[in-house]
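Scrolling down, you'll hit the structures one after another.
Look at the two complexes coming up: subunit A is in both, with subunit B in one and subunit C in the other.
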Partner chain A sequence: MMWTVTRKLVLTFTVLVILIPIIPMMLWSVAETWTYPSLFPSELSFDNFTMLFDTYSLGKVITDSIIVSAIVTIVSILLAVMPAKFIGTQHFRGKIFVQTLTMMPVMAPAIIVLFGLMGVFVKMGIYKTFLSLVIAEAVFLVPYAIMVLVPIFKNYDSGIEDQASTLGINWLSRLLNVVLPNLKTGLMVSAMYVFMSSWAAYLAVSMFAPRTFNTVASLLYPAIYNGQYSNGMLASLTVLFFIPSIAFLFISTWIIGTDKMNNGRI
Partner chain B sequence: MSFLEIKGLFKTYRGAEKPTLQDINITLEEGEILVLLGPSGCGKTTLLKTIAGLEEQDSGEILVDGGSIDRLPTEKRPISMVFQKAHMFKNMTVAKNINFAPRVRGMFSNREEMDSETQKYIDLVKLTGLEDRMATQLSGGQEQRVSLARALIVKPKLLLLDEPLSALDAGLRIEMRTAVRDICKQLGQTVIFVTHDQEEAMAIGDRIAVMFNGKIEQCATPEVFFSRPASKKVAEFFGWKNTIPCNVDGENNISSAIGNFKMDTSVEPGERLLIIRPEAFSEDENGNIRGAVKHASYLGVRVEYVIDVNGIELNISSNSREVKRIGETISLNVDPEGMWIVDDEPEEEEKVQSVKKGFFSRRK
Partner chain C sequence: MRMKLRSVIKIMPVLIPSLITLTFFIWPLCLSIEESVHSFSGDFVGLQNYIDAINDPAFVNAFVYTLRITIIVLIITMISSIILAVALRRSFIGKKLVIFLLQTDVAIPSLACATMMILFLSQSGFLSAVLNNLGIINRMWDFPNIFFKSDGVGVIVCIVWLFVPYITLSLLSVLHSVSNEQDEQAATLGVWKIRRFFHITLPTLKPAIAYSSVLCFASVFSAFELPSLVGDKHSLVTLAYYYYNTAGFTPGHMEAYSIAMIVTIISLTVSFVLMYYSLTREEKS
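Here is the complex of A and B:
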């Protein structure tokens, strides 16, 4: 009885802590007029969203943001899989050192690493291109992807690959039907983390994105600091910033939850 | 020409002091079950993995049904393997685990054939009713049955079983070893079965190859191992406990500290070892071997003694219902059928495979 009450209290508190900052933001995004001392907006409309879409081609900005984050996620996961598998499944001297080494790009201050990359990109002639943006984001996100995947590979039964090959199954079928389903949950968690981080990336976008290229984050952060937007427009932009991340989070959680191999556990 | 021929196989792991496989020569006829028996680390699993193509030999040749398979990758070899760990495809049901390999290899011409073949092997390994159960919901014994079925359904020319029963509890092991032998014999399947359990080897194998230090020490039928082991090491592995130095003359007379015997033996005269099975002794008041009981264990159907005969300790297994006390004198006779002469070989370091792990090694 006591436990149930405590649990309900904790749950209510947690929900409130999460929702309290979000509720005013949601209300501001759809408020036509909201003046003191009213507790709620007196009129509701989607004018803020309409204005954003009209003024800043927000449809294109959101599409570009999704494309960049999706490509960075795919690239980062692909680059992280082999080192993570190596670190997770092999025993060798200096393993901890190697694992630490993979985290080096995120240990140094981001601005220093990005300036270093800028020099390299200028020499390569790819500075301020889509490619330079993807590489710059991946440099910071591959280490995290590795960090998430290493424990997954530590628990990975690499014997199933030998088992499948002794049953005459070729490498492509092994990869698609045996290896990937076994790693699905881990890959999903890693991808979720990388996607959300890329979605929220601002510094790399501001330094390496082509001049006409914007992401939702690159619009939102200056808007907050410069004060050029009304409360309503800022709130609408923030809501738009949230939606893809939350959608990705729900999709990933659903995929993990339906994972029959792990009974929904990671 | 035999169905499987392994000729002069050598394999040394990188960084190892000794070869893991040394001059392995094995022949196997179609439908025969060969058991590879030996202590842990003697090279049994390496040999299976080399045959399967998961490890590469340094030299030597492997022929299956007359053709060399040395250059074939694992998935192209006409071989299936069941591992110590069942390695279930956890994202699949029992039925899909079993028909996965033949399905992706295009071995079925239509859905009906796939269903009937799958059911046939499910019934064969006695998993009827569990077709739609997820692989994650199976017991250890059921997992190994699935492993066996999915290895058999691809109709391999050679089936390799690497200690598939070692993770099971004692009762299930006995049940499963009978099942494995029956199923393989029913299908006429050629099998190499690896174990470190001599009882399991005797129960399953048509022939047994005993391995020590990466070498095949003796390859023969189970009866031969029980009655005529080739060396002291093999004898001890098969439960021959009493090893007594003796002298053999040219007329089959054997003299030792526990007495003199005459037995039909073809060994060269000289210093040898007389080995005697514990159950070859029988209590007899007029017996010519007399010793003092040093230790007695009553085990219900038999009594096990350790007795001292002229300074030599003998292990005796007696059917007598009367238990002798410690210090009491016991008189024994010995059945010549339970005695054998082997060479007095120098003690070799038992710890085989002092394989220094390479710089990189796969995590166990």
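Here is the complex of A and C:
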């Protein structure tokens, strides 16, 4: 009895702790005026959003953010599929070492690699270009994608692929026509997580993006740091920043649910 | 010979992507190491930059501050996550909602978390207004200021808020994947809940706890965004970034590399040991 009550208390507290901080931000984003200590804004409007789009060309910034995140996602997933398949399906000596080595970019602090990447990009002549930004983000997201894909490959039935191989189909064709369609759901979910991480990345953008290039994250960080925005504008920019993450969460939950219903597995 | 060549060609699709990624990780890492042992005029100075960094009071302060935050976050996060995961193990009405909320929290980026917490927990924030309306505080200044303080409470609150749901979900997936049989047998034999927790549940969670601790330690120790946005003092990474950006080609610029290297060595050593332990346990089981 006491255990059940304690559990209910713990869970209620958790729900409140997670949910309540989100509410003031949502309210601030549509607040025209909201003075302390009122619990609700006295007037509501979408002026904060309109002002952001008019003053900071937010439409272009959002488009640029989507483009860079989409490219980083495609590159990361393409580079991650085969190593993840190898680690997930094969048993070999030193597998743990290989796995740990692959994860190193995730474990190492991003800052040291980003400092060094600057020198690399200068040597390659691509410093502060779109390509340097994509590479800088992909370095950290490929291991992340591998980490997400390995468990999916552990449940992967390689029988059809072996048959295709016996029939003499080359590895690229096997990858495009057998492996990828078979892992559609898992790949979509991991792609969403990679997209979300790229969307939220700030450091790489601040160091390697071309001078006039901005993402929502690179606009939001100085907005919080310098305190130059009003609470309303800061909240509306943050809402625009985290809406894609929440949308992707809904979509991936729905995809996993649908797939479980259809196949009984991911 | 031909067989060997064929097997090398066979693993090329696996090797090439890994090599590309590792190249853009190891090459810059080597360049950073190289920079960290050279002066700003390009002369080899050995470990002088490291000695300068260690003797720099700003480094010592940042090191103590970072370590303190990391350890506090790690302890609070792991204990809270274990309690939550155990509480969520059994089925009950509303379980799906709680899990969905935890997943929502995981999806929130750290920059968004900073804004949310500032609007919620600052002195003019929502919680302060609620307490004022309840008559618990009279003015907004009566509400404790947790952000931009040297004790780092604001940073700790934000990171814990972001990490607890993530680690809870990882531990919960482990609890869901193992059979409840042992626990039920022990319950039938009249073993107390606390005893069952320490002798059955906790050993089951051990590898997952080690793995989660790696992620938590590595992320908090090398965190940049939250310490710089809601903290007052420099953490090791924000200090390195500050030196890198503001010092130009001065000795401070080279110190940025040595500080970043020290963070990397500590972070990688701890992560590597815990990760290896976790994977070995996983392989065995």
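Everything that follows uses one rule, which is that the second predicted complex is superposed on the first by the 224 of 266 C-alpha atoms of A that agree within 3 Å, B and C clash if a C-alpha of one lies under 4 Å from a C-alpha of the other, contacts with A are read in each partner's own complex, and residues count from 1 in each chain.
The rule is simple: a residue touches a chain if its C-beta (ideal position, glycine included) is under 8 Å from a C-beta of that chain, and two chains touch if they have at least 3 such contacts.
Since the structure is predicted, the reported quantities are computational estimates derived from the model, not experimental observations.
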Once the structures are superposed on A, label A:99 by its partner contacts, choosing first (subunit B), second (subunit C), both or neither. second
If you stack the two complexes on chain A, which partner ends up touching A:5: first (subunit B), second (subunit C), both, or neither? neither
Mind working out whether A:167 is in touch with subunit B, subunit C, both or neither, as first, second, both or neither? first
Would you sort A:178 into first (subunit B), second (subunit C), both or neither based on which partner it touches? first
Using the superposition on chain A described above, determine whether A:89 touches subunit B (first), subunit C (second), both, or neither. first
Which partner reaches more residues of subunit A, subunit B or subunit C? C
In the superposed arrangement, what residues of subunit A touch both subunit B and subunit C? 171
Spell out the residues on subunit A that touch subunit C in their complex, using ranges where they run on. 3, 7, 10-11, 14-15, 17-25, 28, 36-39, 78-83, 85-86, 95-96, 99-120, 135, 138-139, 142-143, 171, 175, 196, 199-200, 202-203, 217, 220-221, 224-225, 231, 234-235, 238, 241-242, 245-246, 248-249, 253
Note which residues of subunit B are touching subunit A in the complex, please. 52, 54, 73-77, 79-81, 83, 85, 87-91, 100-101, 104-105, 134, 136, 147, 150-151, 154, 160, 357, 359-363
Complex contact set, residues of subunit C against subunit A: 11, 13-14, 17-18, 20-22, 24-25, 27-32, 35, 83-84, 87-88, 92, 94, 97-98, 100-112, 114-121, 124-126, 128-130, 132-133, 140, 161, 165, 193, 214, 218, 221-222, 224-225, 228-229, 237, 240-241, 244, 256-257, 260-261, 263-264, 267-268, 271-272, 275-276, 279-280, 283
Subunit A to subunit B touching residues, read off their complex: 89-93, 154, 157-160, 162-171, 173, 177-178, 181-182, 184, 260-261, 263
